[in-house]
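Structures incoming, each one as structure tokens.
In the two assemblies presented below, subunit A is common to both, partnered first by subunit B and then by subunit C.
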Partner chain A sequence: MTTILTPNPDAGIAQTPVRRCGFGPAWLLPTAGVGVLVAAVTLPWLINAYLISLATTALVMAVLAMSAQLLAGLPGLAPLGQAAYLVVGAYTAASVATLTGLGPVQLLAAAAAGAVAAAVTGVLAVRARGTTFLMVTFGLGELVHAAANQWAPGGSEGIHTPPVVALPGLPAMVRPGWVYLYVLACTLLIGAAVAVVVRTRFAWLLRGIAAHEPRVQAAGQHTGRLLLAAYTIAGGIAGAAGALAIADTRYVSPADAAMGVSALALAAALIGSGSMAGACAGAVLLVAARDWVGGLLGGHGPTLLGLAFLLLAYLPRHRLAGLTTRFPRRRR
Partner chain B sequence: MGLAGLVNPYTITALDGVAYGLLLFTIAAGLTLIVGVAGVLSMAHGTLYLAGAYLAWYLADGGWAGLALALAGAVVVGAFGGAGLAAAVRPLTDRPLDQVLATLGVAYIAADQFSTVFGAEPRSVDPPRALAGSVSLGDYQYPVYRLGFIAVGVLLVVGLFWFVERSRVGAVVRAVVADPGMAAASGLRTGLVRTGVLVGGGVLAVTAGVLGAPVIGPSPGVDTTILVYSLIVCVVGGLGSIRGALLAALGVGQILTLGVALVPGAAAFLLAAAMLAALTIRQRTALPGRPA
Partner chain C sequence: MTGALLRLVTVSRSYGARRAVNEVSVELPPGARHAIIGPNGAGKSTLLHLVAGTLRPTSGRIHYAGHDISGWPAHRRARAGIARTWQHPALARPLTAVQNVLLAVPGQRLAALRPQRRAVTAAHAALAQVGLAKLAERPAGQLAYGDQRRLEIAVALAAAPRLLLLDEPSAGLAAEEITRLTELIRALPDDMTVLLVDHNLDFVAAVATTVTVLHHGQHIATGTPAEIRDHPDVRRVYLGTDALTSPAPNSPATPAAVAGTPVLRVRTLSAGYTGAPVLTDITLDVRAGRVAAVVGRNGAGKTTLINTIAGLHPAGPGTDILLHGQPLTGCDTRRRARAGLGMVPQGRRLFAGLTVDEHLTLPRPHPTRSRSVDARQVLDLFPVLAERRQHRPHQLSGGEQQMLALARALLAAPDVLLLDEPAEGLAPAVVGQLAAIITGLAAEGTAILLAEQNLALACQVAHDIAVLDRARIVRHVATADIREYPTDLHDLLTVPTTAPTPS
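Then we have the complex of A and B:
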């Protein structure tokens, strides 16, 4: 019953368009990955505290971009409300922080709360497809934003949280370098979990929904449930990003649920055009454009972000994507 | 007997809700046609409202001349804004996500420029002096401007209904909503209709901004608020349906005023429930969206 879709795994994989960098020799990609990792770990010793805190923000947005990519890249449904689950996670982590300063506990609680919130609201979202999905998720995100203003502790002022403790016995992290390394470690863990998820059969079914939903339905799959599961996982990842945001800024307010955050995550996912690493790179690029270049130019971050969106819309990404999808995936 | 009994805090709030709903209808009618006809989800629609509101604030002089000047300016700004958006999304036909990104980019740039030019604090706009007072309804005072706005809103509703459902141009617009391919095959110039709808929607949104400025004044963030409510109206009312938009806008207006007065803090949940109900009911009749 459940093996109908994959009569011949190799043929199925070869035909499915997978965004994958097909340029250069085979050793290039792992080498580049190791290089990025080494650079990311040594970063706190190389740059000043301001840039380190920007890098931490970029990592939080990278996690949120992975959450958006799970929906935009796999089943092809672009979400514009992921910041809502980030805020749900952040407020949960802030509540847990009054009981324990332990970061991993906050992370797990936030992920669980984000997943629950996504499961509840996802019932609504997965009824829509295409542009309507975007509109509904946008509406949901803004409604959570409005509800947070009214119901959340601290109101529109937000609440401050104590510094996070990475592991039992360690001192609380106050210096931005340690916070950065903690967030980096959590991001890598979440990234590894996401990398496992996108290689499961579940992820292939989601890709199938993007390609032709009626056919997946005809194969006996309940696409609504699959999408709800994907939406829930994405909400959990976004909630985890909320806990990381708390560790970063030690502050949460309803403004974190603003459209700008969701839009940045979606744009980063679109820059990644289907790949998780690409989404993370896109998030880093967009945060750098908004906060770093915006800071250099005296605070026109939104204009720069808008220009980045326009650029992204008009670049012939589809032709570029076509270039990279032509190469079949290497056999694992 | 009837009138005095009718006037209580709830009916006054409900009257506010009617004004709010008509304002939302004026904005969302343009958006629902833009989405339904041109297939463009314009994220810059709230920006057009905000532009109109700032226009009203800039030109308001307490008399009729300022309002007339602002309305004339609204037509110009709306037409140029709509035409600009149409030109911006033309190269992106059949790429809805890129259209969203492009209009979102425009909205971001405009919002940043607005707060640079007009400052970050909220501005309050006074209506013309002739409409500035309030009348007594029973034991309550009600602003004359809101009553006037309701009257103008009803006129706009009637005009839009006549235009979309009775006039020849409206028939062409509805034909493009129903079946763009068939409309093009029978010789209708769909490209022109798409541009026209974007221009018309832009003029409506900026005009709503000028008229609505004393109700929802210009401040940073208003563009997003207006965009959210008009998108909810579009989702609940069905894309491209002007009747649906009217019903949904009046309903959302009541939720945001009477609903807030009756059950404080429940507006968000009520709106989400309305969207859920609309999507559930509509899903039975048609597949939501087409496969890409």
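Then we have the complex of A and C:
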């Protein structure tokens, strides 16, 4: 720790590109972003209905992965129960759907319900750190899973919901292509909101907690409250993912709160190693491995997923806990 | 309110049965420059934690600016104007220096997307105050150690505190860096109260107007630095004429029983970090029964040298490391340890969850090794540890931790022992004990390579000294020659020899 990187600190300044991140020339990242966006929008005209519905599922998981990344990537606390808030959001959206088919209303209600659930349960979770945090969130997830089995409408069978209307006056969306585009639009909106959150001073303080929590306390911050706020926002995002999930499948069951869903979101966040875009890419990769490539290999999706998780440990990536600071670095 | 800004009234703090701080009362008027000194394990850091709110007192009261803050959490005390630094840099390493400071500037909105102009100005002012203005955009993790220490202080200053707590600010700094630190603390505004804990007595005398001495958690004396130096009790506890300290058989620099055949040979060693060379063309021999010391400034590459020999850092091309004539260069750390290379890393690196006893049951000499060492033999060398067998590292003082790290390395019966800055952060009396132990080990035939910044210790124990400067060894000298021309080496190194050697 006490070794200097270069024998003469002043000589290093000129060589070290402090603000440059990643690899390749400067235009590569924006160009790649535009390319991905164009490909995502034109996707319904390029591939068949089955693959489109898989892509929609991948988007829902991408939103859940952002929720997990808000905790794993910023304050360095890995959550293993984010699917619980997804299910809270999904059931809320399903009950709102009996009143109105309007998708944005369902989305807002689901996000609010997810945030409230996270705020209540988060009081327990943010007392813990490290592995204990992982186990507490896992326990909370399992409790929600069990509660949904017991008390939720439809019981363990789950309930079906009517198709969602994107905007007032439009017909209900039945075709997968339209559902996909609706979910894509919502994902981009949520992504934009998250991109704003990770640029705030609040997010900086969360990164500070990952580095050294007493230091942030000595700066006059109540770290428990900061973490609870982060947990609540993450719960809101997961709830929103729940509304998108029922727009996609028109069905919700307690099985959606299974630990496997949370684990997938966390794994996607870890693949993203601190970056939100990385978490989304990780979610798309993992869903593709589980549902698409696994389907081609004759139902070996879970095997492939397990191998992908194992591969995680050997990927040449920085440690989590906010060691890659892609978002703050881009700003001037 | 008139009178004291900070008043500790019979404050105590216990860890289990051990009283780290025992009924200490201290009073600081506004603008005071107060230092707390004492041998290792005196409870200095604990006292600082009690004031900062990281720890709560077991009994007693802490009054600050007219409030009883004993029950306040750390963040509330920080908002009331108490800022602190840590003994080891506790920075957000991926964030830049200025971002680290900005985290601590108060009065900013949480939802702010950009730091306010006022906050940025304050952050840059704090960086300029410690002389880091040029490095503001560098990630904290890439700063040199001395710069990280100064960044720590900038972070504390950014909050414009009324009370500044500094935990061992001079630890691990070279002489000219300590001079800059002294100027920095002297230049602080007069209304800012400073409470600091340190080992370096010259530094303390230069910055503090009043000094409190602690020993085993007890208050010994308070007074001006001059009064403290002359205080008989202080001399007794601090400068090592304490009855408790019974050094191991002391035979400084006696010719070893074993003939000085080179056990470890290092030839044309090089190493670097991501392309930047830190060591080039290092050649040295470590002989059985002799102590070789490598001295040099902070960042000269001492730790890198030790780590490269131990296999913890990759060696550059052309490097040859031979142990008993067998090449080690291609081997991993485990094989090197098996071949007889023992290491005591800088910062001790103890296992946080294990007791002293458990530490000492872990290492075993590999069955292929001829010598074997018993835990009891090792404990005989370190009588302090024998009394603390059920304690965990955090309950031990710095000196005891260093002894434990040394004991752990000895249990593997190494032929060559690599010691990385064993005297860092230790009180002079403990350094004296350590010197006796190192000399004793060499007399029994172990070859010892010591990387040290404390020239006094190096001169006391080493037979040969290699001076490391700017990535290479600039001079090999026999210790006897150095003793004839001590100033010569000081000029070459400007290494502090502030730690007085016990007479």
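Simple rule for what comes next: the second predicted complex is superposed on the first by the 298 of 332 C-alpha atoms of A that agree within 3 Å, B and C clash if a C-alpha of one lies under 4 Å from a C-alpha of the other, contacts with A are read in each partner's own complex, and residues count from 1 in each chain.
Criterion: a contact is a pair of C-beta atoms (placed from the backbone, for glycine too) under 8 Å apart; a residue touches a chain by one contact, two chains touch by 3 or more.
Computed from a predicted model, the values in this text were never measured in an experiment.
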| item | value |
| --- | --- |
| Touching partner for A:G76 - first (subunit B), second (subunit C), both, neither | first |
| Touching partner for A:F202 - first (subunit B), second (subunit C), both, neither | second |
| Touching partner for A:P214 - first (subunit B), second (subunit C), both, neither | both |
| Contacts of A:H222 with subunit B and subunit C, given as first, second, both or neither | second |
| First, second, both or neither for A:V136, with subunit B first and subunit C second | first |
| Shared subunit A surface residues [contacts with subunit B and with subunit C] | 210, 212, 214 |
| Subunit B residues within the subunit A interface of the complex | 35, 39, 41, 91-92, 95-102, 104-109, 111-113, 116, 224-225, 228, 231-232, 234-235, 239, 264-265, 267-269, 271-272, 275-276, 279-280, 283, 287-292 |
| Complex contact set, residues of subunit C against subunit A | 52-54, 73-76, 78-79, 83-84, 86, 88-96, 99, 102-104, 106, 108-115, 134-135, 137-139, 142-145, 147, 155-156, 159, 172, 273-274, 276-278, 298-301, 303-304, 346-347, 470-471 |
| Subunit A to subunit B touching residues, read off their complex | 76, 78, 80, 121, 123-124, 127-136, 138-140, 142-144, 146-147, 150-151, 210, 212-214, 258-260, 263, 267, 270, 300-303, 305-310, 312-314, 318 |
| Subunit C contact footprint on subunit A (complex, rising order) | 1-9, 12-13, 16, 18-19, 196, 199-202, 204-205, 207-208, 210-212, 214-223, 322-325, 328, 331 |
